[in-house]
Amino acid sequence: MPYQSILEKIHAEIVPTLPQGRVADYIPQLAHVDPHKFGMAVCDTSGGIACVGDAAERFSIQSISKVFTLTLAMQLEGERLWQRVGREPSGTSFNSLVQLEYEQGIPRNPFINAGALVITDMVLSHLGEAKLALRELARKLSGGVDVCYNPAVAASEAGRGYRNAALANFLKSFDNLRNEPADVLDAYFHHCALSMSCTELARAFLYLASHGQHAGTALITPSQAKYINSLMLTCGTYDAVGDFAYRVGLPGKSGVGGGIVAVMPGLFSVCVWAPGLNASGNSLAGTRALERFSELTGQSIF
Amino acid sequence: MPYQSILEKIHAEIVPTLPQGRVADYIPQLAHVDPHKFGMAVCDTSGGIACVGDAAERFSIQSISKVFTLTLAMQLEGERLWQRVGREPSGTSFNSLVQLEYEQGIPRNPFINAGALVITDMVLSHLGEAKLALRELARKLSGGVDVCYNPAVAASEAGRGYRNAALANFLKSFDNLRNEPADVLDAYFHHCALSMSCTELARAFLYLASHGQHAGTALITPSQAKYINSLMLTCGTYDAVGDFAYRVGLPGKSGVGGGIVAVMPGLFSVCVWAPGLNASGNSLAGTRALERFSELTGQSIF
Amino acid sequence: MPYQSILEKIHAEIVPTLPQGRVADYIPQLAHVDPHKFGMAVCDTSGGIACVGDAAERFSIQSISKVFTLTLAMQLEGERLWQRVGREPSGTSFNSLVQLEYEQGIPRNPFINAGALVITDMVLSHLGEAKLALRELARKLSGGVDVCYNPAVAASEAGRGYRNAALANFLKSFDNLRNEPADVLDAYFHHCALSMSCTELARAFLYLASHGQHAGTALITPSQAKYINSLMLTCGTYDAVGDFAYRVGLPGKSGVGGGIVAVMPGLFSVCVWAPGLNASGNSLAGTRALERFSELTGQSIF
Amino acid sequence: MPYQSILEKIHAEIVPTLPQGRVADYIPQLAHVDPHKFGMAVCDTSGGIACVGDAAERFSIQSISKVFTLTLAMQLEGERLWQRVGREPSGTSFNSLVQLEYEQGIPRNPFINAGALVITDMVLSHLGEAKLALRELARKLSGGVDVCYNPAVAASEAGRGYRNAALANFLKSFDNLRNEPADVLDAYFHHCALSMSCTELARAFLYLASHGQHAGTALITPSQAKYINSLMLTCGTYDAVGDFAYRVGLPGKSGVGGGIVAVMPGLFSVCVWAPGLNASGNSLAGTRALERFSELTGQSIF
């Protein structure tokens, strides 16, 4: 069955389940998103694209941006990156300070908030303009020339960002930030406020299904693409990575805006969006849609 | 390059590094194993086998046995199994009691000690003779008709097994064991004391590279094989699953006897043995050998 | 106002509140105690005694016995005792294993279960017959020549004692028990199963109000009496020591049988019994009675 | 032996031990204090005062100020105060975030940093000018009309205060601060930067030995004085309250500037200063001096 038919089948199945999720409500810009939205898009490595539902509508990509930031940091720092952040699943909530205290300020991985702050700090040290750099990367990879930050989201995140401010100051107290917490937080909150659509995100993640190649040139090395995929698998979906690997069987990264991007190396990248979340903070319908996609295509890394 | 040549190349590279690992010393039967041992074996799904070094010598498979126990429990319990054990990486040591206390006696996954004790308890409840059942499964899958438990190892494990006894009693205090702790521990210590060689283990794990098929019949369903592979990837190598996925890129299960088995779904199963461990409790040279195997074959799930 | 009048006033006030507590129900012998029981007794250092209600009825002293065991261990080990157990409040539940894991098998203090197991182990190493020794001490101090263990309680504790068995095995795994866990647990469960009355307990604790003197001779040194009082204040009432010090202002030790003993150094010892517990595991009405006793006598160490 | 002779005896004993402590070095103003300083002063409730060594020299009182802030908050909030902060020892480091996360933003007690930030927030909400109010209280109680903040210390604390900023933001994320973190931190850092001498502090704490009376009028109620003493005993000396109670046997509050104030209710207040700290963050020689003072006077609450 071609991807387009599969997406349509999934769409029909999933729509009735949309009300079961719970939309993130810690900032008004997320709280007011329509919980009935659902979009899904697949890009295959030969360039074909299929999409369904609200796949063209932009949403707040939130933590999905952490993959872009990590990609920048890998380009800039290479393997030295791992001196300041681990690569193990945390076994705790994405915004926990507990493990950070026990492990002396070294975040467990680049995808929990603390780790993403350290990664952002690295990019900031190299480029100064981390916000600009990330937006340019997102534009280049997605082909969306007008992809940009939602300033209201960034402002709301900052206004309610006491937990992240606690993390940033905590990291700084362990000397694991080079820049001031306020500057790191400003970049971080903007990164989370990128608005992109399913089709844009599926296109943007195609380099991870293509051994690091984007539009015929190497964005990162094949090893680095493999590394990022492994990190998404073991750390990309909060404290539900085991469940996601079990059910979906693909490396993926989620955001509290309800988006999830997943990758089948060598074959395709896929993005789904459904704003209602499950207890782990991943899109409830989105996880189910990807599980069905894996079943219907017979594709999984396992 | 055929597998045999690759194994020989790896063998030559790895041998000089063997003294860097540290042999497990908590029981004399492990402490006295020669740290210069090194064996490796690959089985491909078409039946071919390649091996090198001490691949025919039996060693204590220890936690690798947890995959067999889980396979039995999946056959017996199916998805109900997940009511009593989670499927998330723990983010802590394999024998930690901390998370078990915070999470009210539900172990994080079937491969940490607490989880394996619960799985053993399930098998015990169904079969009574859990020791016999596991040995028969190991014999059938490996083709090693005389595969058996090392009674001295089992006795030593029991004699020094206060930490596992603490775990079993703790689980029982949360009502997450149906049988008496002493009975569960007896089965568990025996399972860990299975002696098998690299070639036997590579053969035995081939069903996980073959969608659950063993010798032309379904041992477990294709979904269950996928599930076990995902669990090995996210939980199979102690608190180093992220690093193992990053470097090796294959689902795998390790034991403190120095063995590691890994699987490339659809293609092959591979087993390596080198008794010296790294700080995470995985075979140091074994991890490196698998990393090289992944590089030289160009095979990885990512 | 003399103590007898004060006790009568308190008795009248407290009786209506007795149903608010919740009787311990983890073993039938405790679960079936009448929640309307209330007794209280005071001994002053000049030998006077006052009592009210069910002060002459024996109940299961449970953790109050830990003071007797510590007294024995101090006689036997002196200051060396502190090499194997700390003297800080735990900030966690009395039967937690978490801190024990983080602090490598050294219990925080002698009054949490783990610490009492280590103390019991010391007594066992010195005397062999720890059960006999403790009973004799309780008889001598209380004047109750037939004070003894309730065998049904000891048997029930053992039968449901998986959590304590977990603690004992955990301590053993850190080499902080010299004897086998089963032997330490047997002594420990018996100690908790001592049956004594309020008047017996008030008499028995008089040495702690009398600089270590019992019947004119030194049971322990004045410093040791001071030490035990300080330990009761900082560690004697589970994770509610701050609240108990704030409200009652006396060093005290409680048990889940509903008894609490407190001491005003130089002046008196007092014991109250009311089986209903509060959320911290201390007698709800008993704590309130002691608070009133402190108010009405104007006596507090603060 | 009169207090003056006792202080002189202690002075002679302690001086040789001064180099064993380790001066706090996280800000230069503390790091550069002469480790050979030693002062001690006692005020009895009838107005007599004895002092020795550098008792007239002002030092940074640091966390001793938390007792003044709590006194203000008790005057302003009464028992409502306990809705936002606990009164139990923490069992962890004074600046830990772990327990705060597990206990949902309610600090364990008013003397750990998190608790003191909440208390400061209360004072700020009532008085606006928390800095002024605390300085005035310190002046009134001590009789030191020119007692004031050391601005260099306050600035250094702020400049290095990432850990406290983490705590304040963390509390705010749990909605347990009413004011902005920056404002609370500013007041808090100033409070810690009060400079006072041993004689001034001994005089200032006399109300806690006098049932809340200062200069013949009630500063707080007798119950409140008792409450604060109990809190100092159970929570006043970081994660060494058990050891301090065991050895010294008096309610006390320490600061990383090397000062410790202790109180014998009804009899005296005593302050000691020796900048070198022990591993728990309390003055090493100061603790020893108070232990000797308790021994030589025969005074202890136990």
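To keep things simple, chains are lettered A, B, C and D as they appear, and every chain counts its residues starting from 1.
Throughout what follows, contacts are C-beta pairs under 8 Å (C-beta built on N, C-alpha and C of every residue); 3 or more make two chains touch, one makes a residue touch a chain.
Note that this is a predicted model, so its numbers are computed, not measured.
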Which chains lie in contact with each of chain A and chain B? none
Starting from the Cα centroid of chain C, hunt down the chain whose centroid lies farthest away. A
Interface numbering overlap (same over half, different under half) for chain C and chain D: same
Counting in whole Å, what is the centre-to-centre distance of chain B and chain C, each centre being its mean C-alpha position? 47
Approximate Å spacing (C-alpha centroids) for the pair chain C, chain D: 32
Computed distance of Cα centres, chain C from chain A, in Å: 55
Counting only residues that touch at least two other chains, what does the list for chain B look like? none
Determine which chains touch and list them pairwise. A-B, A-D, B-C, C-D
Sort out for me which residues of chain A touch chain D in the complex. 96-98, 101-102, 162-163, 165-170, 172-173, 181
Chain C-facing residues of chain D, complex: 86-92, 99, 108-109, 225-227, 229-231, 233-235, 239-243, 245-246, 249, 251, 265, 300-302
